[in-house]
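Before any comments, here is the structure.
Chain naming follows the written order as A, B, C and D, and within any one chain the residues start at number 1.
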């Protein structure tokens, strides 16, 4: 497991007329958070695409516990939980400034070969960066 | 169970640089689809808010099976599955023009009293509209 | 000049906490409206990209006259005003259900050759579709 | 004139299938930048709304000079140019990491009394914060 803490500031366009952060934005916050974790590992997602791989989301399961509001500085705890076969699993907890758990989520993505648009094993350059971090290297592609 | 079929056209701003519909947009498609179902039942969501209730999402679980693309006319099958306590449960299937299942989802919302911002039972004016449609009337508020 | 009338329904995620349509959404409404005009002319924008051209926006000037609200059915009058050199000029008027002018805009796009990412003259297959519609054919590319 | 420099990181959901930042996102970047300038002046926009005022956009004029890309760290130079009557005028320049001018814009907003939803003069608590910064105090409301 690899855990990364990031923050995100709620912008005005993230709100809806209930005065809450519209629920679709959490999906964007989590996407940004996982690529910040990748960046931290030395694997910018931009480089992943340049090397011929893409990681579309295959499942996302979000639980909304409390609303979030305009201008709040939210803290996201992102955990890279597992890589198994062609899939990579993230777990999230999102807290507001008072430290209250606002949202939690599980998001799964697939490794896709951009040329064939078919699922593939996690590429070797990714395994190299997470080696020794408690995620067992089951299989990879070059 | 109440089922409603609607369509949605993918717009250019829904795409991302993979050339796919970005995953956050499905969340918006499903929101629009459930309020179209409500509209069809004679309960425009706008009226729900005017009567002092709001329905924020409390959980959403989406499975991405195939990508969707710019300019596709997607068909959404929305099922109002259950109302239980303060919660209302929707299920979705989303198909592309070839009839292929692209996405499926479960989305749960809570009835909230706008004045108190506390959860409440489904209001009576909603139960009246869905009476006799196979969703058992367990409890409601005026 | 070629004019096309289309409608767009305001979705919940288009609103912000003022209770208005957030201003960034008009930009999306106008994009959808211009490609509907193109579709009507027999030039789906998807086909434009498949033929190796792209039309990014080079300028947009929007005037916000009245707010728009959730669930309104807005009417957009899109005018393809001019093609000149590598540029194509649209003008818009957007009305609410009461017929009140809510927004007006001018949007300019450039014809770009996707391979070179350089500006180019309007392709011949576009001129063919708009021939005789009052837009003078000044120059084109194959 | 008051000038403020901020940065914004392009997220994946900001891109479209051209591989560019979709043009609607610049509108969001500029909104965030102007409220950061306000925050810096000691006038968080959240407080403006809490005091009973809102600032919807009345005009925006953007020129797109170069494309912006995923993961770029963009620099925004925001200038609070003028307050006149019920209107406040901002000018923007947006640069990419190479220092190239990517976009420039003028955005005008109106001061609105939230209770009456009518335009009003700039409130006194805003003038107090910008006093002596070269923006002439023409008129204000309490």
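Assume a residue touches a chain if its C-beta (ideal position, glycine included) is under 8 Å from a C-beta of that chain, and two chains touch if they have at least 3 such contacts.
Given the structure is predicted, the values throughout are model-derived calculations rather than measurements.
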Pair with more cross-chain C-beta pairs in contact, given C-D and A-D: C-D
From chain D, the most remote chain by mean C-alpha position: B
Chain A-chain C separation of Cα centroids, rounded to whole Å: 34
Averaged-CA centre spacing for the pair chain D and chain A, given as whole angstrom: 30
Interchain centroid distance [CA atoms averaged], chain C/chain D, Å: 25
Residues of chain B touching at least two other chains: 12-13, 17-18, 24, 28, 31, 70
Chain A residues touching chain D - in the complex, by the definition given at the top: 9, 11-13, 28, 31-32, 35, 44-46, 70-71
Touch list for chain D against partner chain B, complex: 12-13, 15-19, 22, 24, 70
Touching residues (chain side chain B, partner chain A) in the complex: 17-18, 20, 23-25, 27-28, 31, 49, 54, 56-64, 67
